[in-house]
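In what follows, chain A forms one complex with chain B and a second complex with chain C.
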Partner chain A sequence: MKKFLNSAETVMADALLGLAAAHPELQVDLQQKIITRAGGPRRGKVGLVSGGGSGHEPLHGGFVGTGMLDAAVPGEVFTSPVPDQIVAATTAVNGGSGVVYIVKNYTGDVMNFQIAAELAGDADIKVETVLVNDDVAVKDSTWTAGRRGTGATVFVEKIAGALAERGAGLAEVAEVGRKVNASSRSFAVALTACTTPAAGKPGFELPAEEMEVGVGIHGEPGRRREKMCSAKDIVATAMEAILSDLPFAAGDSTIVMVNGLGGTPLIELYVLFGEVAATLRSKGIVIARNLVGNYITSLDMAGASITVCKADSQLIELWDAPVNTPGLRWGV
Partner chain B sequence: MNTAWALAWMQALAAAIEEQTDYLTQLDSAIGDADHGANMRRGFGAVLTALNGFSAETAGDLLMKVGGTLISSVGGASGPLYGSAFRAIGKALREPSPSAEQLRGALADGLAAIQRLGAAVPGDKTMVDAYAPALAAFEEALKQGETAVAAAARAADAAEEGARATASLQARKGRASYLGPRSVGHQDPGATSTALMFRALAKATAAS
Partner chain C sequence: MKKFLNSAETVMADALLGLAAAHPELQVDLQQKIITRAGGPRRGKVGLVSGGGSGHEPLHGGFVGTGMLDAAVPGEVFTSPVPDQIVAATTAVNGGSGVVYIVKNYTGDVMNFQIAAELAGDADIKVETVLVNDDVAVKDSTWTAGRRGTGATVFVEKIAGALAERGAGLAEVAEVGRKVNASSRSFAVALTACTTPAAGKPGFELPAEEMEVGVGIHGEPGRRREKMCSAKDIVATAMEAILSDLPFAAGDSTIVMVNGLGGTPLIELYVLFGEVAATLRSKGIVIARNLVGNYITSLDMAGASITVCKADSQLIELWDAPVNTPGLRWGV
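Let's turn to the complex of A and B:
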């Protein structure tokens, strides 16, 4: 394993130190491992807290700032944060109007945020949880832990963050977050496994000519393995899975993200986006807004995910609202 | 089953985790995200630190402290699951010297806590597949008039067998469930660490 590390044990702390140095507009508590906006909570504003394992940067710390999150709680690499951390963040951002948790549907994340919500409740802080589970690669059935939360997390954080910034109440902010999740579908393909600093070697072996189809955002393997094929064919597989699931229809307006998993250059993401755009155009589906880049990564995994959100005028207007974070910035 | 016994149990478990860290991580990299060994080592490192100089009145107090420390330091699913289990076990062992029957009840409470939080049943390829047979073996041994020492040894054997048997199961809970049929053929890391927990229990009980 060749990585820029001081040691595998201190990667999280060292990265937080760097984030703090790079972004004085953020407040990074190295002790509690929480990232908040500098300046403390705004009285009356609903607080937004998101988090999960580290290794998905810029998610979540990179989305803390005006118009998006109030706090992020990064766990160890690919490991959910602990309840103490989440409660500390909750207390730090509570402006008296309650806090919304944005939680990706992974067993550990769900449990730790649930325990934190109970502890916050004991401290008289009202908490609403928005569970993100947009990954169509996983069959949602009693035979699995349910769909994983992936790319839609970025959309939920942006749009719910915009509504909270306008002073909407707790229930309303949570509701728009759930609406974004319900309107979004994602699918990912990996060309290589990623290497966690702790493990020191790739999470799975992938022969040079094969790809993992329906991969998650951790080291975990995907649903199946296939022979590598053209970007056009990969997009066809992904879009078939995404579009049939909601389902999306001609005339729908959408926000689309082609997201790199950490080890794929932008040139390839644009190749994919071109194919996605062509597919949607052929079906009469409109791309109202888009993101192409690395937003929810998986360390050094080569691969990409596609997320499509059916967006009405409310969601697009909130998407366009000003945002000022290390990872997303416009309108300011 | 006094405070010294509980401390010996936790020290034996921490030593076993330390020794098996790479193995647990290797099992987890096959069907999860390759962090189970590292997470458990971090958690039990924190447990040893927390217990250093901690004066507990009873085994229960000590195990409650262990549970709280695991919840606060491990993260992932194993933090809440192991943490809640030890909290439940500790809650049930508040007598100065609990009986074998009380230990049985405490272990049963531990399993109930895991199942309440994780909603897993036997056959889902989780910790429960080691824990449930271990508890059943413990109960059976007591029914046959065995001592706590013998019962704990049988529980450890049953947990190890249960952990090995997870290899042929298809995961239905946790991250491994996303693999579907591809999870078959790999031993579950959580069931494996649960077997370490019961082996450590047997060692501590035999030594007390």
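Let's turn to the complex of A and C:
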């Protein structure tokens, strides 16, 4: 295994040290393993907490900051954070108006955030949970009952974060988060498997010239393996899956993300985005806003995901609101 | 070869289509292959033009925008842009106060930008060139006489761009660019070779468990091959090369970039940054500002580079100035 690591055991802790050194505007609790904005909870503001296994950076720690998350709780690589850690984050960001959990639909995450919500309730902190399950590729998967949560998580964190920043109440913030999730669909393709530091070898074997169509962000199997084909044909497959699942109509406005899974360079993501834009244009669907880059990754996996969110004026206006995090920054 | 492409021949053009679709605030001339800010030249402002082979994205096209470049001229993958293309960009951004070329030190780039400068001179456009040659790894290399230009290019483009935005004159903008280059040193390590679309296979073979120490951004050989070792030891090698080359002293302020070469995930870059920060802290050198991410890449190469710029208050103040480009954005 060739990776920049000190040891497989310390990779998450070492990366948190680096995150803390790079971003003094964040507070990184190396003991409890929680990342919060510096300056503690803000009275009256609904707190936003997300988390999940490490290995998907910048998600989630890179999205802590003004206009987005109040706290992130990273687990070990591809491993859910534990309930105590989530409760610690909840307490750290609770300003008295409750806390919204943004949870990707993986069995471990769902269970641990649910236990944390119950423990927080015992401590009189109101919690609402937004479950993200936007991946149209498969119904059930290795680590999931139901659809997996992937790219839409970035959209939910950004848009719910903007509303929370404006002082909206707990129910309202959770509601807009659920609306974003309901309006979003994703599909991913892997060209290589990723290697977790603990395993030291690729999670699966992909023959030369084959790709995994519909892959999950931990390398979970997708719909099928196929021979490599052109960017245009790959995008056609992904867009067919996305657009047929949530009916999009001519004239709809969207927010679109073409996301690299960690080992794919930006030049290829722009090639993909060009094809996505052409597809949507041909259907009269408008790309109002977009992201092209690495936002929710799978360690060193070569591959990409496409996420499309049908976005009305409320969602676009919240998307445009200022955000100041390591991974997303504008308007500040 | 597994890449998201339509064909090896069209990768640059297809990526430009995607860039144009993603960033309507840029003007992408698909015919001449130049990327400029929308809105044409700005009267009285010194224009900043950079370019080089494609495959290093977001460099340079991703750094066009307010506070940074006025134009980027991408060549084909790992191939210099041609003089006519550079001249077209020069003409497109000339606001009457001259144009600064920021050129990474590779033989083809240097030659073509020099021819372009002469042609621009014939057309009564004053040009100053800032040559970037910050890579301490080797003296001469496959494609270079003298040191290669790498990570410092990002710093030069940002800082000279900020000064040009304020209306400084041609000589002054070039001077601050040269100062940034003179104050910066870089060193890179590759864990895998990259694959150009045209070649279809890795540019060199690296045995399992070996790394190329001091690699160039096209896969040019470095100082030596070594057995893989810990992030801490890799950083020690790189920082020894950097800090001994440009004497840094306790109390110095720096801008530091830990840059991914395209195939290395962010979690590993943060592990590296943690080690870089610890090294500098132990020497009393202050990291005033930093970047951690993919800024100057080598297609899909797994690897990372470290750049350290000794930055006085002038450079830090210009670094902090607003920038609004696809690849760097703050203060706006």
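The criterion applied here is as follows: the second predicted complex is superposed on the first by the 327 of 332 C-alpha atoms of A that agree within 3 Å, B and C clash if a C-alpha of one lies under 4 Å from a C-alpha of the other, contacts with A are read in each partner's own complex, and residues count from 1 in each chain.
Here is the rule we use: a contact is a pair of C-beta atoms (placed from the backbone, for glycine too) under 8 Å apart; a residue touches a chain by one contact, two chains touch by 3 or more.
These numbers were taken from a predicted model, which means no experiment stands behind them.
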item: Partner chain in contact with A:D14 - chain B first, chain C second, else both or neither; value: second
item: Chain B or chain C, by number of chain A residues touched; value: C
item: Contacts of A:G216 with chain B and chain C, given as first, second, both or neither; value: first
item: Which superposed partner A:N112 touches (first chain B, second chain C, both, neither); value: first
item: Which superposed partner A:T192 touches (first chain B, second chain C, both, neither); value: second
item: Touching partner for A:R166 - first (chain B), second (chain C), both, neither; value: neither
item: Chain B versus chain C as contact partner of A:V138, first or second or both or neither; value: first
item: Chain A positions touched by chain B in one structure and by chain C in the second; value: 77
item: Partner chain B, residues of chain A touching it in the complex; value: 53, 75-84, 106-108, 111-112, 115, 137-138, 142-145, 148, 196, 198-199, 201, 203-204, 216, 218-221, 223
item: Chain C residues touching chain A - in the complex, by the definition given at the top; value: 2-7, 11-12, 14-22, 54-55, 57-58, 62, 77, 191-192, 208-209, 211, 228, 230-232, 234, 262-275, 277-278, 287, 290, 292, 294, 297, 299-300, 302, 304, 326, 329-332
item: Chain A-touching residues of chain B, taken from the complex the two chains share; value: 25, 29-35, 37-39, 42, 71-81, 117-118, 172-180, 182
